[in-house]
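Shared between the two complexes below is subunit A, which pairs with subunit B and subunit C, respectively.
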Partner chain A sequence: MSRQASISFFSLRRILIVAQSTVTQLVRMKVFYFLAPIALLFVGIQFLDLIWYQGAETLQPEQELRMHKNICLGTMMVFSSMFGIVATALLIPGDIEDRTLYTILCKPVPRFDYLVGKLLGVMAVIFIAMVVMDVLLVATLHFRTEEKLAEATQVWGKRGLTEVEIAAGRAEIAAHGPTLILQYGVMAHFLKASVIAAVALLISTFSTSTIFTIATSSMIWIIGSFQSVAREALFTDPISGGDPNMAERIMNTFVSLVFPDFKLFESITDGAVRAENVLHSDMTQLGGLAAIYVGIYVVLSWFVFSDKEF
Partner chain B sequence: MNDVPAVEVKNLVKDFKGAFRVKNVRAVKDVSLQIAPGEVYGLIGPNGSGKSTTMKAVLGLVAPTSGATSIFGRNSLKVDSRNEVGFLPENPYFYKHLTAAETVRFYGKLCGMRGRKLKERIGELLELVGLQDARDRRLRGFSKGMLQRIGLAQAMVQDPRLLVLDEPTAGVDPTGSRQIRDLILELKNRGITVFLCSHLLEQVQQVCDRVGIIHQGVLVNEGRLDELISVENRTEIILENASENLLDQIRSLVDVTHQAEVVSEGNARTTLEDLFLRETMSDAKRKAVSK
Partner chain C sequence: MRNFKTTRNLIVIVAVLCGTGYFRMPKEQKFMEDLRERKIAHPQIDSEIWSKMGQTSLAGTFGGLRSVMASFMSIGAFDHFENNDWYKLEKDFEVITALDPYNAYYWNTGAWHLGWNAASWARRNQRSEIETALKNGNEDFSPTKQRLLEMEFLEKGDAMYREGLKYNPASEELWFDRGAMWSNEYKRPDLERAAEAFRKLRNSPNPVYRRRYLLTIARIPGREIEAYEEMVRLVSDSDPRHFSTPTFRVLVLILGSNPELPDGALRPPVDVVYNNNLEKAYEELYNYWDRIKNDGFYAGNYKVLMKQLIDRLKVPDSLNPFVTEPKRPLYPSVWKREFEKRDRDSSAR
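On to the complex of A and B.
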């Protein structure tokens, strides 16, 4: 009996099957072992007393907490971004080299589903790793904040500060603890890593080697991190400081489309480190921007991959 | 009666870009062939003759430069055509982190199977390819022959009407090779169409109904195997327990007629494969293999 039902271009179920298989693959490649040294680092900095505060006349606990967050979020950023690049760069060329891809594409699986499934799998593993690191960050930061609050309250009491002054000081320190804004910072890193993974996906569709994919994606990551500064320097009239002309504007748009602007993501994380007020709407916009970037890179990847011959 | 061929290749031409994209290399030159449903078709030829390219075109892994390929009437480049096909590539490497059962489950799910039906199918296929004892072992530790057999299991998971096998016995020992050969014959009995490429001509001879010979991208000969390999002016008679007296009578009869001559005679020979199997396998296993 014939079973030639038509295959839909897009099937969430098929995508999830590929994504699930990618997660299993990465988990069994023991990628989560990398979390062990990160956990040690997070716990280790708990005991790091910054030397320049030792002889200070007044305690600056919020600066110490800021440093704690900075180190942890920086580690999370490096891990998630590098993981996004390396995992994505390894998976698709690996499937081609092993001819596993032949057997997958010879099943009724549209190439779009395969690509999106692979990317979702990598993103899911990054998400799980980020959740684990976030729990560690929140736990260590909580203990450190409580410790600093107790120390500061004691010192301020000895100095004869009023209760109102002490409460204000405590609130300032607590703002540097585990707050919702900190979660926004973690989320921004996840979104950034997802965009980087999508960039690596695009490159891996036409690259012939894993090294090339990793090197090029890393370069785009670096360019993306500094492109807003470079665009400002290159495309703003140095004399008048005024608006760029049409050609500059086109070039500006082109650069910002080709290279994702990671400074936008970092501004949220910087805000989280400095305990500044990050608006919910800012976060929503960043999520939307990340979705647009990922969408564009996935469509471009599919465009290249759909006609690729094996 | 279904008139739609299982595989149809019409005037297939495939060019690959040469170095620096200056000169194209023509891998397949105007190849046309048809495989009827239920037929076992062997495409043979030396390395680089265009076998794998033709096969990949049938599977939609490469797009024809000109011409067309279809599976049960559906354009090979369309995903729909893959509902009906299972593919075993040469020297397959599946996800090594998966177990045998997980591998078949993964491919089954990709074909839209699920639940009890899939569970039963996994057990059935692992038994069919003789891997039921290794169902929970990861593929990392599998031998080449075992990988080939799990490859066959994944190819058959959705019960396709067409199996495309690229060098199905490459790197497999004679025992495994015999098992795969027997499996192909069993599939043929079930009415499944098989399109295979192999260098092992003896095996092709044992399982194929029709054969195509491809050389330098051109299909130089094609037809029913028994017609292609028979020598028209020679006849073979194989006798069992023939006495010397009977043989003498036959020789005399041939001499008397003057219309034919005995070209050669001697003991009928077994194949080296049969000899190997006889020497290396226990009786029970041999019976199971040759069943």
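On to the complex of A and C.
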């Protein structure tokens, strides 16, 4: 039996080693320095008055908390998605450039393990960054919520509201504070960033330049955000205008079939910001969907990468 | 060979994505419909709104930052308010509300800018134009034409409230502010429209909101019996806060004094409503005179109620609205002063 044949197709240990080295590689690129301005922003908005239309009669604490969450989660989404694209796009060309790839592939490391390890490494770094940002978000939001609760309780007390009414109002404000639903929103951003990273991985396997990978992945990110518009045109009646013609139908079908739907991920985050009733089952479905996307892109990446010559 | 490989790879990638997409697509659609039904996902943006979006908001929307863009745009739109640039403000709020339609705050702010601020601006503008026209002897000037601008903004504000209520029917602030706009004496009150909005708040946990329907229909001629029934309903609420409002206390008396009420209807006597504090009752009924004359509140048997109190309290003519036209509200200090003056005059005589 040849040595090649004795190597198992998939080894978790090998994948974890590649992932670990990817994390080290990215940390050496000083990616976590990005967190400093983000931390500044999160702490900075704590002191910003986010509401214009506010007076004694228009107390809007929920709205202020919503704006706080919107800005923080928006920043997290941009950071994680951008990072997913750029980090993944840099990895394979980087490995070729510094010849690490040859060292790895000449060892008994199947290309599939290498790709999965690389992706897992990127996802791990995104995850760590998300955790740090999440801690910052929860901390700043907690202080703001407490501040708003105290303010509102004082105003309602002066207005002569009963204790039951004050308790109901407080519960409404607290629902916009750091809750489990908010964590679902953060998780949805992480899942979206993972899918984007997998897309970038697929493109980087056949791309010849980093810029091409970054540009194409960014375009897919944008198209993915309105893929649902194309898909819904196939399933539902148009809101306005006439029925789509044949060319539009073909276009809509192509976009719906080929591109991922990022709107689903964004919807969960939007719902979480509004403190809507996002269910655990929604997260399970979203997680499943993200796993399917990542699975498909990884398998396709492996297909392209398996016979790539260096 | 390399080109062949690239082409083959691309064909395989597209084929696999299409194949898996075929199975994935209905599931995604179902998931999205479910999220949309539960108001977790935003509704689709109308094609008309796409064309009104600027480059930044468009990019933000495509990047999945709809709510964030709405937040930033709402802060930016404040500049239009400061510059009285109402049409730009309207356009901005159309986009903002399309980006985040389940946020009642944006509908409320947009409607407040248009229905309250822009309409007031138009009214002020109109007044200065009338003054200039009169000064210049311009006979062609039509105040009616000028009034159209104010009405235009009021209607725009109302339209924004109504549209917002389609997405946020449970928003008490939207119902309340719409009603407040149409019942505002400094605008162009349309009490029927105000009542239509306040009606939705009859069971609100907020007693201020709960009372507004009564306070509005008590001003609409022909709805006195309905107002009486509403008053009885609120009295049966047993919320002591209703009775801490002077207008509510007076309305209990006034609506109960309606001669058209059927026999056996609840007609709370003044001593019960005011807990035997007749001076307080007189003071508030005296002040209600202005409400009848200027705000169109129902008068009921006002004269009889007042005359009974005048006799019982031996009110001096200076505080009798049927003898001396009330010019300002009656405060306890004025009441005390006038009574002392009457006593002094009578002892001097």
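In this text, the second predicted complex is superposed on the first by the 275 of 310 C-alpha atoms of A that agree within 3 Å, B and C clash if a C-alpha of one lies under 4 Å from a C-alpha of the other, contacts with A are read in each partner's own complex, and residues count from 1 in each chain.
In the analysis below, contacts are C-beta pairs under 8 Å (C-beta built on N, C-alpha and C of every residue); 3 or more make two chains touch, one makes a residue touch a chain.
Quantities reported herein were computed from a predicted structural model and do not represent experimental measurements.
Because the two structures share subunit A, they can be overlaid on it, and in that overlay subunit B and subunit C fit beside each other without clashing. Of the two partner chains placed by the overlay, subunit B and subunit C both lie in contact with A:307.
Using the contact criterion defined above for the overlaid structures, shared-chain residue A:206 touches subunit C, although it does not reach subunit B. In the superposition on chain A, A:222 makes contact with subunit C only, not with subunit B.
In the superposed pair of complexes, A:249 makes contact with neither subunit B nor subunit C.
When the shared chain is aligned, no partner comes close enough to touch A:142: not subunit B, not subunit C. Aligning the two complexes via chain A yields an angle of 160° at the C-alpha centre of subunit A, spanning the centres of subunit B and subunit C, rounded to a multiple of 10. The larger set of touched subunit A residues comes from C, when the choice is between subunit B and subunit C.
Once the two complexes are laid over each other on the shared chain, residue contacts for A:262 go to subunit C alone; subunit B is not touched. Contact with subunit C, but none with subunit B, is seen for A:160 once the two complexes are overlaid on the shared chain.
Superposition on the common chain places the nearest Cα atoms of subunit B and subunit C 5 Å from each other. Comparing the two interfaces of subunit A, the one with subunit B and the one with subunit C have residues 307 in common. Interface residues of subunit A, counted against subunit B in their complex, comprise 2-7, 13-14, 17-18, 21, 24-25, 28-29, 98-100, 102-110, 307, 309-310.
Subunit C contributes residues 5-6, 9-10, 12-14, 16-18, 20-22, 24-25, 27-29, 31-32, 35-36, 38-42, 44, 46-48, 61-68, 70-71, 74-75, 78, 100, 102-103, 105, 108-109, 112, 173, 205-206, 241, 244 to its touches with subunit A in the complex.
Considering their complex, residues 50, 52-53, 58, 60, 63, 66-67, 70-71, 73-74, 77-78, 160, 165, 168, 192, 202, 206, 221-222, 225-226, 228-229, 231-232, 235, 239-241, 256-258, 261-268, 270-271, 273-274, 276-278, 282, 285, 289, 292, 296, 299-300, 303-304, 307 of subunit A touch subunit C.
Only residues 56, 59-63, 72, 74, 79-95, 97-98, 106-107, 109-112, 151, 154-155, 158, 161, 164 of subunit B touch subunit A when the two sit together in their complex.
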